[in-house]
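Following: one structure in structure tokens, then a few remarks.
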Amino acid sequence: APAAEVTAPEETAAPVKEAKDLVFASVVKSIGDTWFIRYETGIKQFEKDYGIKSFMEGPSQPDSAAQVAVIEDLIAQGVDVIINVPYGVPENEPAQKKALDAGIIVMGHEAETAKEGTLTYDVEAFDNCSYGEEMMRELATRMGEEGKYIQFVGSLTNASHNTWTECAKAYQEANYPNMQFVAKYESKENQENAYNIMKDALKATPDIKGVQGSDSGDILGAGRAVEEAGLADSISVVGTGIASDAGELLKSGAVDLAMAWDPGMAGYACSVIAYKLLQGEKIVEGMDLKVPGFESIKIGKGPNGVTVIYGSAWIKITVETMDQYPF
Amino acid sequence: MNTTNLKPKVRFEMQTLLLAGILVFLLLFFGLNDQGFLAGRSISSMAIQLPEIGILSLAMMITVMIGGINLSINATANLAAVLSGLFILRFMPESQGPMVIVAMVGISLLIGVITGAINGFLVGYVGVPSILATLATMSIFTGIGVGLTKGQTVTGFPEVVGSVASLSPLGIPMPFLVFVGITVIAYILLGRTTFGFKTRMLGTNPVASKFSGINNKAVIMQIFIFSGVLSSIAGVLIMSRTMSASNAYGTATYVMLTILIGVLAGVVSGKGSVLNIFITVFILQVISTGSHMLLAGVRGSSFFKDFAWGVLLIIIFIINYFTHGRRKE
Amino acid sequence: MTNEILRVENVSKAFAGVKALDQVSLTLQEGEILCLVGENGSGKSTMIKIISGVYHPDQGDIIINGHSYKQLTPIESMREGVQVIYQDFSLFPNLSVAENLVINEQLSSGRRLVNWKETYKTAERGLEEIHVSIPLDAMVSELSTADRQLIAVTKAILAEARIIIMDEPTTALTQKEIQSLFEVINNLKAKGISTIFVSHKLNEVTEIADRTVIFRNGRKVMDQDAKNLDIKTMEFYMTGHELDLDNSQLAQPDQQAAPLLEVEKLGLRGKFKDVSFQLRPGEVLGITGLLGSGRTELALALFGETPADSGTIRVEGREVTIRSIQDAMRNRIGYVPEDRILEGLFLQQTISDNIIVRIIDQMVNKIHLIRAGASKKVSDEWIGRLEVKTPSGELPAKSLSGGNQQRLVLAKWLASDPRILILNSPTVGVDVGSKASIHELIRNLASQGMGILLISDDIPELMQTCNRLILMRRGRTFGVFDREDITEEQLNQEMVADRVFSI
Amino acid sequence: MLKKIVKSSEFVTFTIIVLLSLIIGIINPAFFSLATVFDVLRASIVVSIMAFGLLLVIIAGGIDISFVAFAALASYGTHMFLLSRGYNGGIFLYYAIACVIGLGAGLLSGLIVTRFNLPIFDVSLAMMTMWYGFIRFFIGSTKNFKLPEGAVGYYSRFLVTVRDPFVGEAGLHFSILYVLIIGVLIHCLLKYTTLGRGIFAMGGNREVAIRSGFNIKGTLLVVFGILGVLSAFAGVTHSFLSRHFEPTLFMTQNLDVIAAVILGGASVTGGKGSVLGTFMGVILIQLINRAMVLTGITVEWQQLMIGLVLAFFISIPAIRDLINKRASRAVEVPEEI
């Protein structure tokens, strides 16, 4: 249920700094990921457009402990805004809270499950459960709404991945009685694991017809295994992924659909909201952030009470549309 | 190999002095380069993770001292947090009383003892090399937590759970006090008790220690239990600070970091200094925080930091080599 | 007319202030057998290590085959034909017997490939040369100390050395093997190969030496044709005073006293069987026999390391089960192992820590912290009592010479005040002077009521210290003798009569 | 002869592999197929090649954890370099350049270890941190999926293929030949060259090796050189097989490779180990991981099961040693802890 209006936090009452004196820092799960390289382009675009120093930081390996250390150091540096994409949501909360207490605006992304009071706002490209359901619709269509399917998550500890797969499964049970869930596997965010698991899954359940991936490596590994077994035509592979990684497999037909959102735009949107707050503006339902996908935002509450700003629209990358998404 | 270790006492001080010198140098270096560095906020930023890393480093060090290694320290810490967290959520979700703390600490310590005993059994009694044994138990301990929670982070604890980390009697954060306390205890245990003495002997020559009547198996068992207990205390601190218990917390960084601290502190079979560990943990924390400050906003600064750490380590090894006198071959 | 093959001129070497060698000169002729003798720590091993290139001298020259060196590397030394048998045998425990035998030759020949057939053939030839048989594909780690020593000797012979240096090669050999070794050395001599021979067993020295050099405190004090030196003279030069080695004043234990230890029909499958004896307080009971006769296994069974599987043990009249070393210690049984480096000492730890390791549990105060003062007092006391040669108890044990390390192992056990002490070859590698003092110590301990089991090959030693003797053969007690009832010659014959070798 | 084989540690590992295969096969008969054999072999190729290099270091008495970084540096560095030059040809040049880079990285570690007489483990810890940082700061931090012409289709160059009615086509990848060739070479190096025996000698007793006149430093340099080259070779092969190059290649997999080598009978303290045993160790680790999917253990409990199975199987050699020791008390060698 969208809240009608959310008032800006009190801290913004502080005297407004000039744009050139502001520092916006983004903290991501791991800075080496293709995904976050794209994220960085968004905040760099924001830097150019608004003249506000924006940069991305994060551990070299995805790990909450290391991420928290980065946040702690940013607090000590006295930045104005921290945009955090937490690897583990609860583990990052105390550091976020500490930043809030220090008068810093703290935005979250992919942190829908955060507790109330640990983020100024969380910004999501979409509602995670709907995303999972949409993925299932796409998978079901490609499978002719029947047959066995398996799911991958990058890791069991990843809340988003598990929301996607669970909502997808629930949606299937409600709408596609002829489809049959076989098993969920954990790729450990490593496409080589996904590859080996897919091969073994084919042995364990020879008549698999569909695969749903969550980590961006899942459809790559599974797709490769399917392709090498010469089963590209009979098995549908659908999941989160981006064109630069999955391009070849989309072309060969081993992967049927990669779904994603543009992390660059999410980062940009977070920055814009933070800036508006600093300007004393209020964030309201239906507002246009002038960012693709965030033309008319929705405001809601996460399961643990944090206020979430939803954009609209995921993107769907197929062999036909892949050229439109150069990341 | 013919290192003629003629003045053990002096040598020990050399290593400690060297480390202390590096620490002072780094503080000055970062302090002069960045005005904010010595400000209170960065100190408190450093103090946040330091106790956890420090205690885990001690847990690692004592196993290295008997010629082993314990790869399962982080898994033990997380399992202790997860199991005590599940217990609290199941049996005292609303309670704010001290019993919650008692349960948290009590269950965690129990987990530390049990996991340590499993490691000790495999290494001491079955005779599996510790690198293999603890690799397997790392998987087992994490696996239990993952299985019970389906991998999800355990949250929603009563507020009182956070008090361990947030209290700061006399203005000193509680976790830091715990770390200092444990350092002192470890110092006494290893330096002044028969347990520490036997540990050193076992690490030096396990056959001779057996023939001297030291019960090697029992000492190995005690060492791994001690290591497990220290790990579980780190687990309590993490749980209290993050108000959550995750199976994945620190898995990509903590184990290697503690090994690195041990190596820098000069821990080897039969020899290890609690004081050196204490200083080294500070060194690494200062480097980490300092480089974050100096490199703030530089693209890929974390990567550069990794690179610099590697180089710095080599440099420290080489300084060590020259200050300890060239070793004859 | 002989040719000088090696000349060492005015060599000095100091270790952290200790002058191990002080202006020492030596010569060695082709085909000569030169014996080096001296007390523990007098610099013999240091000299050897300098000739073999392991240590570099502080000053002086080494001239081998006319080539002059300020210092050598091990490989240069080998190229000049020097082969050393070190006290620790310098073997690779993880390699086979054959390979260990051939490895030096392989290296010095500069060949890059290994020919296994050739390796085995050569190895076999080597072992035949000293008339022993050891399985060629056994790992050295599986062998007994004596076998290792034989392999070390064979290895040097095989390397076709021109100078063979043996640093106490006979410590773990029994009479029979020693005789074969001497035969080998004499054969080598006939071929023009020179030998430097270091031993603390002066009777061996008189038997084999052409010339004898005596060291004292890092200086050469005597260099003489062997025929001009008798044992008494050597002892005098080594120690600087006359030794009184008259040991006839053996105390007799009280025959009425209840036995400390009674062993009845003790057995361990494949090792020994039906061993029975009694040990009274104040008694020194010698156990001897050839290699592989089961003496060490018997000792280890009594010490709980490899427990016996049949028979009974009674300590002070009580029947006890000894399943572990802790059980043995609870019954105040101590064991001084043969292999001091591996089983006896913590080389990197201090001498003082090595001494108190057995009694550390008693060195604590009320709150169970170690009392530093007490441990220093105890260790200093034992360093003094056993005359361990060291400037400080705070030095690591590895700074001690072999003989002093052996004393340290003894000190460790004596400090724990055992009731029954098993000594396995306690004077191996110990110089005559120290040996005499260790023997005296043994007698003193016995006279204070301790029961001592002394395992030894050294027949004079047994005759001088033991009240009774057990002779073991093939895992059984072959005979028990009162010392008065047997002479050295008889005992010697009894031992040589058995032709069983190890394994 | 037979007795010797049965006593060898390779035989124990082999028995464990057979045992585990039987258990998996009984639970899921689909396991018994040529496709499985091919899959397991394929997944073992890259790890085996690295493990062979690591084996030399472990026999020499050290433990290296940085070889994974050599692989990443060599494969990713070569790729990004050639990509920037617009190279689009065959794979030979990739292997050549990568092996040179690997050799350089290996020798650098070797030089630091020998020149300053440092423990191998310590140096490798530093080098691993350094190289992964170097790659991502100076070369690039994202995966790259653009393969040169010569590598397109590399993944499906099979020696033989079988058609399985259910699981589709399964082939034995030709790069298993690399394992065979490298394995034989390393075996011969260890067994038939003075250098190889020097590696064993060094691991068995370093001081004696020095005294005997082995060139310890030279030997270590060669060992590190080989480790670097083999890691580079494995890195490039992996990248072609998985059709992309990545800067964090193998980053968290070094412990698994070490475990495989030790499981294959190499001693943690050095002086012992074999090529055949190492290969079987790699296969065993593979099987343990694959058993999870094939036996249908649910995902939440897989990690626990992997740990339990591993703990069980690593205990077998240790228990065997305990029993052997009881049976014949040999002279003790220092125990591993």
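Note that the chains are named A, B, C and D in the order they appear, and that numbering of residues resets to 1 at the start of each chain.
Just so it is clear, contacts are C-beta pairs under 8 Å (C-beta built on N, C-alpha and C of every residue); 3 or more make two chains touch, one makes a residue touch a chain.
The model shown is predicted, which means the values in this text are computed figures rather than measured ones.
Note: the chain lying farthest from chain A is C, by mean C-alpha position. The chain pair A-B and the chain pair B-C differ in C-beta contact count, and the higher one is A-B.
For this pair, chain A with chain B, the centres built from the Cα atoms lie 33 Å apart. As a whole-number value, the distance joining the C-alpha centres of chain A and chain C reads 73 Å. Chain centres here are Cα means. That of chain B falls 44 Å from that of chain C.
Note on chain placement: the centre of chain B and the centre of chain D lie 29 Å apart, centres being C-alpha means.
Taken residue by residue, chain C touches two or more other chains at 342-343, whereas all remaining positions touch fewer. Residue positions 146, 150-151, 205, 207, 252, 300, 303, 305-306 of chain B are each in touch with at least two other chains. Looking at chain A, one finds that residues 31-32, 60-61, 156, 186 touch two or more other chains. Pairs of chains meeting the touch criterion: A-B, A-D, B-C, B-D, C-D. The touching residues of chain A, when paired with chain D in their complex, are 31-34, 37, 60-61, 156, 183-186, 191-192, 195-197, 199-204, 206-207, 220, 224, 228-231, 244-245, 247-248.
Here chain B touches chain A in the complex through residues 36, 39, 41-42, 44-45, 48-49, 52, 146, 150-153, 155, 162, 165, 241-244, 246-254, 288-289, 292-293, 296-303, 305-306, going by the rule given at the top.
By the touch criterion given at the top, residues 52, 54, 73-75, 78, 84, 86, 88, 90-95, 99, 103-104, 106-108, 111-114, 116, 141-145, 270-271, 297, 300, 306, 339, 342-343 of chain C touch chain D in their complex.
Here chain C touches chain B in the complex through residues 15-16, 305, 324-326, 329, 335, 337, 342-350, 353, 357-358, 360-361, 363-364, 368-370, 394-396, 398-399, 412, 416, going by the rule given at the top.
Taken in their complex, chain D has these residues touching chain B: 63, 112, 116-119, 121-123, 125-134, 136-138, 141, 206-207, 210, 216, 252, 255, 258-259, 262-263, 268, 300-308, 310-311, 314-315, 318-319, 321-322, 332, 334-337.
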